[in-house]
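In what follows, structures are represented as structure tokens.
Below are two complexes that have subunit A in common, paired first with subunit B and then with subunit C.
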Partner chain A sequence: MSTNTAIPTVAERNEQALSAERKSVIRKSKFFSFPTLLLTPILVLFVLLNVIPTIWLIGFSFYRYSLQSPDAPRPACVDGPCIPLIVIPTNIQISPTRQLEIIIPSVPPIDNYIKIFNDADIWGSFGRTLTFVILAVTIQVILGVLLGFLFWGSARMPGRRLALTLLFTPMVITPVASALFWRLLYDPTFGAINFLITTFGGQTINFLTNNEWAFPAVLFVDIWMWTPFMILMTLAALGSVPKAELEAAEVDRMSWWRKLRFVIWPHGKFILMLGILLRTIDAFKTTDLVLTMTRGGPGNITDLIGLRLYRYAFASLNIGFSSALAVLLLITAIAFTSIYLWVLNARRRSEEEG
Partner chain B sequence: MSMKNKPIQLSRRQFLRGSALIMGAGLVSACAAPATPAPQASGPSTAPSGTGNPLAGTQGNEMAGKTIEMSFAVIAGWPPSQAPIELFPDFAAFAKEKYGYTVTARKTEAPFGELFQKIAPTLAAKSQEYNIMVSDSQWLGALAEPGWIVRADDVYAVVPELDIEPFSSLVRNTYQIYPDGSNQRWGFPQMPDTQGLFVRIDILEKEAENYKRETGNEMPLTYEDLSKLTVQQWEPIWKYLNGKNGMGAVAIQQSKEYDFFSCAFHPYVYATGGDIWDPATGNVVGVLNTDANAKMLEYFRSLQQYQPAGSQDFGIGSVIDLFVQEKVVTAFQWLAVGLFMIPPELQGKAIAIPHPKIEFEGGPEEVIGAMGGQPWVLNKFNDDDRTRAAVDFLKWWYTDETQRKFLAKGGLPWSKKGIENPLFEGAPPPWFKPFVYMLEEGRSRDFWHLPEYAELLAIQQEAYNGYAARQFNDAKSVLDSIAAKQQALLFEKGRTSTPVPDALKNVQPK
Partner chain C sequence: MNSVMRTRVYYFILWLVALIFFLPIFWIVLAAFKTDSDILAVPPKLIFVPTLEQINRALFGRGQGISNTIPYLINSIVLSVSSVSLAIIISFLAAFAFSRYKIRATNFLMFLMLSTRMVPASATIVAVFQMYNAFDIGIRNIGITQEPVFRGFPGVLLLYTMFSIPFSLWILKGFIDGVSQRYDETAYVNGASNWHVLFRVVLPQVKPGIVAAFIFNMIFVWNEFLFNFILGTPKTNTLMIPYALAVGLVNPGGNFDWGYIAALSILYVTLPIIMIFFFQKYLLVGMTFGTVRGEV
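What follows is the complex of A and B.
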């Protein structure tokens, strides 16, 4: 037996390695490998609890349907004759007298969407919500970053742990409880804040019923609740900066600004951006706070879009119309999420490019 | 390779194809028309069956030995709707003794604005989650039109003793009938309610001398004298009292919540001879947005000058707090919460009078208050046993003994017989006299019982509250915008044949 034939050449070894890699790639490309099968239960739940309701929501958005409708939903027709329907009979018996019919509008009836685009009140709520989001997130980021740096730079400060715990408390309280608590504090007759103001000779302020004070008063509570989250994200971002690089910067006697720009920012920006985007999405959905504090009032001054949607869906039971609005809000949230994913991937992209 | 070692593999393409198929099927299902409910698919049978018609309640011993759990939906923060639950042990004893079954109660509660939202989805799902519900009068159409509740007439047909003669037609029109003007009854009166003015008579007495010195007028101090005053005649008294002893002169509900502003303001609209809509034609435009009503809205807001700070957010609960904690001298309030407005420590110090009349230029001094109060409604989807138990509950509820206990807990009567209850002879509670006065024919009025009530209410509450908070300052434009939006809604729902006039399209409050 010749040893020459038993020992593969370098070229053969390369070929074998390539072949194994190809097989591995092919194996990886099979979606349902054993680990993926382990995920099946959660995927099934995801489809049942998330995907199907979303499809259902989209379906309802094309219908003029209220929970109080005694009849089946009617397609939402644009002005003029109703959009023609395709009716597909089936053999499925759904009641003693009726078989299931699948009704599909031949063109999507978008009357609900047209109504939303023509509704000045909804646009007003959208505008207020955007103002709320921009102001709340901006202030929370500024305060959160400043306080984050303060706590980062004062590791040996006595009582630091207690201070941090107290600072994070608003974030962990249920928003409804916080709202109720602040509603009582703001009360012009029985509230502690007005008691202090009048004790020191000031005039009573109607925080929640004055059209100039109501919006800032609600905004303040949101800032109080969520600034701790931005502190947490800032501390996490600062924690991600390698100590060695910070020490090297110290050795190099870099100025504070240059250290921030060239050492801290490149490492911390991803986590901080994630925090900003999570807060943006969350602030956009704010409903519980305004529902409890002002019910969107006085008038419509604090009427955010989430609250309006809640009213259309659960007070008016107008399922078709509120589904259409929910779809639009979903698209907006997806837009925010896309930005979030883009930022998350930015790190990988920069690494690949670098 | 054995089968055991072979991994089950599905390519990504196959998976995506499968997913697309599932999603497509879901989308088609979403677009598919749900089944129209089959007639008599559930709910109590209306024809007598082998064991008797459930709408007649328990007959003989057909329920003997059974155990029933009944579920009630009641209004949170509204004591009159809690009282029946407190009295429920008496009903359990009644059912055990008379019919031989054991019954327990489960209570679910939510505030005025949220209770309907809580019960409606369960009824839409044909659930018997709530067997008996306290409904606000405005919800009657919303509950009756989709066929969610038992028609009271069907019960009266087999249990005539429940068909009790009311004190006035207001009871029937407010708590029972839908559609308005028809003879169809759906609700069973539970607690009637009208509006009044609660007055701290002790403070008026204390200030009487100073008031005379300052204004030269006598301070009215008796029920009769105070009842004669119009709102406009109250103004100099409120002006004098405001700020004295750290108290506001008057509290009026103007909150955005539920119907609080609307119910407080509507008497001012009715005083002009006007209304908020025309039930006959379904029109709002031309009825609500009149110059006379705009003038009244301005006047109503001007009364804020006599109220404590934050009046734009006053609701039922806050007015009780303000009055009981000595922050206001007088307060407009529902008479049904009399027991809470005048607790034992205020007895002898406070009285209640009818809602004062309102003067209107060129018109008679008039008061037509807003009706409050609630009926019971029975879930159409109750099974036969629960329907029997629910009707038995009503039979027990309307007995003289139960009504006496209810009245002793601060309840108010609605039947002729109830008003003549010996409990009210001699020294009735101070809110009883104005209540009976306001319940007389034509003295109070309810508004819409339409299924669209929630949307109609949201439209006007937002605009009115904005006006109260000075977000808007032109009363006519506020009424125009409400009228236009409500007219558009009613037109879309087919309640009126008149569309919104071009001049009012896109009108916004200023």
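What follows is the complex of A and C.
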């Protein structure tokens, strides 16, 4: 008996070792581990400021709810008021007088989406945005690539840093400020551009209120702002071509076209693609530029989809409808982002192979 | 034409291109040093007697209906520095975890983070606006405070932090991936703690990444207009200069105080321009949210 308590048998020792191991497993369990600790802040913030608002947004996109009307939020069923199947009252106060009720109706509450689908104005905005994106990005890419090639051999230019700072300034200052500068330049009475036009014998043009000129005028400002970005991306793409290959091409006396096709393009295409995609995404969400320059006018000639969403949400305070539109834009953005990352990964893979 | 001449012409053309792109900004810089009548002069004046009147007016709020700009300026600085610092600390920790521990769904999480930067700002604001309002009503009902918390400084700060995170995370993960794991192992073998490895071994080697993340997020917050315009309330003083700019502009009537706007613009664009002059080598990484690395 006494020997048994003093000296543990082999079996007991094994048992002890096992339980110690188990304890250490518990201590190192994933939940309390170091990486979890490191990830906690980012996840908390992500859930609080991205996940919850997104759920909120998706939820409200199924409701008929405007801050301007006194009615409580009701599910947006297609044919008028729909019979609620389940009503879950919550404590969430969405405005000083209203509490949120989660209502699950008998028919799908997708009226907001159907309204968007049938809204000619919104489709017009989409079309206009598409035109804007295609024109802006195409011109920026062409100009940016040409100027990028021009700047390629400038490594030893005196004052290069200052020159590049001046060149890249348009893209780091906010669109609101740029839009203001251009309003001053476009001004019909004391703007510099109209002064030049009249000096050369032309007629004064009120660019921002003229039906024919407003869209090109806004487009031009976007091109001015973002061509430097494409120059930057072109320079980066050219910088990613290995020097040895360029020198070899030089030694082989390759023609300029062949050098472009077989040496520069295979290395540079990815960064250029990333640039084009980022520009597309950014141009798609242009809001503050048109908000500051024209507020969508004259008529709806410069009414881009970002601005339209802004107006539904904050001018007419139509929360339900604007949430639905926001959800659609969210999906578009996520689709664009996946394409972007797909190209980014393709680039990594090709770098690893070659 | 000999080669020296050719190089000169080439450099001249490059400078010309750069200056053409800068011209509209130069015009507003000029306007800030003009008197009101000089700004509105027809034909536009290139030669004039410079005056500091406009800048003085904008900075100290002298003149009719113009408020003191210095509080806005302070808010801009406080808000951008604090939110970006917070974002960098949070994303440095996360980037280390993503880079060193094989966390499931790393790619998916990184994708989600990046996609938050690709969404139109209005879509984000619609959602956050509703949520913040509900939170504030909740806080008021519980009786913690009557002041808006989320529609105030803390809320805007958090939102900017969240917006600075994706970029910081992408760039810092890239940099930490580039630090060889051998450093960590050597430190661990010598008995270092996790925190020691994190802050004494890895952190010093990713300083350039931190600088890049700091500069470009700071420019972003500095430039941000919509969030502040919608979510900020005048009472809580979270308004920044862009808002002040826009108010001068959005006001109906159509008569802008161009001198004031020009002077504000100068106060406002100086920081981004100085930043890209001194941190030009981070420009590429900055403009691509940290997804493309390299120098110009």
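Worth a mention:
The criterion applied here is as follows: the second predicted complex is superposed on the first by the 272 of 354 C-alpha atoms of A that agree within 3 Å, B and C clash if a C-alpha of one lies under 4 Å from a C-alpha of the other, contacts with A are read in each partner's own complex, and residues count from 1 in each chain.
One rule holds for everything that comes next: contacts are C-beta pairs under 8 Å (C-beta built on N, C-alpha and C of every residue); 3 or more make two chains touch, one makes a residue touch a chain.
Here the structure is a predicted model, which is why all the values come from computation and not from measurement.
Touch criterion met: A:Phe34 reaches subunit B and subunit C at once. In the superposition on chain A, A:Phe60 contacts both subunit B and subunit C. Contacts of A:Ile52 after superposition: both subunit B and subunit C are touched.
In the superposition on chain A, A:Ile281 makes contact with subunit C only, not with subunit B. Residue contacts after overlaying the shared chain place A:Phe190 against subunit B and subunit C alike. Of the two partner chains, subunit C is the only one touched by A:Gly239; subunit B is not.
When the two structures are aligned on the shared chain, A:Thr204 is found in touch with subunit B, with no touch to subunit C.
In the superposed model, A:Ile301 lies in contact with subunit B only, and not with subunit C.
In the superposition on chain A, A:Gly144 makes contact with neither subunit B nor subunit C. A simple residue count on subunit A separates subunit B from subunit C, and the partner touching more is C. Overlap of the subunit B and subunit C interfaces on subunit A comprises residues 34, 52, 56, 60, 94-96, 100, 189-190, 314.
Across the complex, subunit A meets subunit C through its residues 34-35, 38-39, 41-42, 45-46, 48-50, 52-54, 56-57, 60, 91-96, 100, 147, 150-151, 153-154, 157-159, 161-178, 180-185, 189-192, 195, 199, 224, 227-229, 232-233, 235-236, 239-240, 271, 274-275, 278, 281, 284-285, 287-288, 292, 305-306, 309-310, 313-314, 319, 322-323, 326-327, 329-330, 333-334, 336-338, 340-341, 344.
For subunit C in complex with subunit A, the touching residues are 10-11, 13-15, 17-19, 21-22, 24-25, 27-28, 31, 39-44, 90-91, 93-94, 96-97, 100-101, 103, 111-116, 118-131, 133-134, 137-138, 141, 158-159, 161-162, 165, 169, 194, 219, 222-226, 230, 242, 245-246, 249, 256, 258, 261-262, 265, 268-269, 272-273, 275-277, 280, 283-284, 287-289, 291-292, 294-296. Those residues of subunit B lying in contact with subunit A across their complex are 7-12, 14-15, 19, 22-23, 26-38, 41, 113, 116-117, 120-121, 124, 142, 145-147, 255-257, 308-313, 321-322, 325, 327, 451-452, 454-455, 458, 462-463, 465-472, 506, 508. Those residues of subunit A whose C-beta lies close enough to touch subunit B in the complex are 29-34, 37, 47, 51-52, 55-56, 58-60, 62, 66-73, 94-98, 100-105, 120, 187-190, 194, 204, 206, 208-211, 214, 294-301, 303, 311, 314-318.
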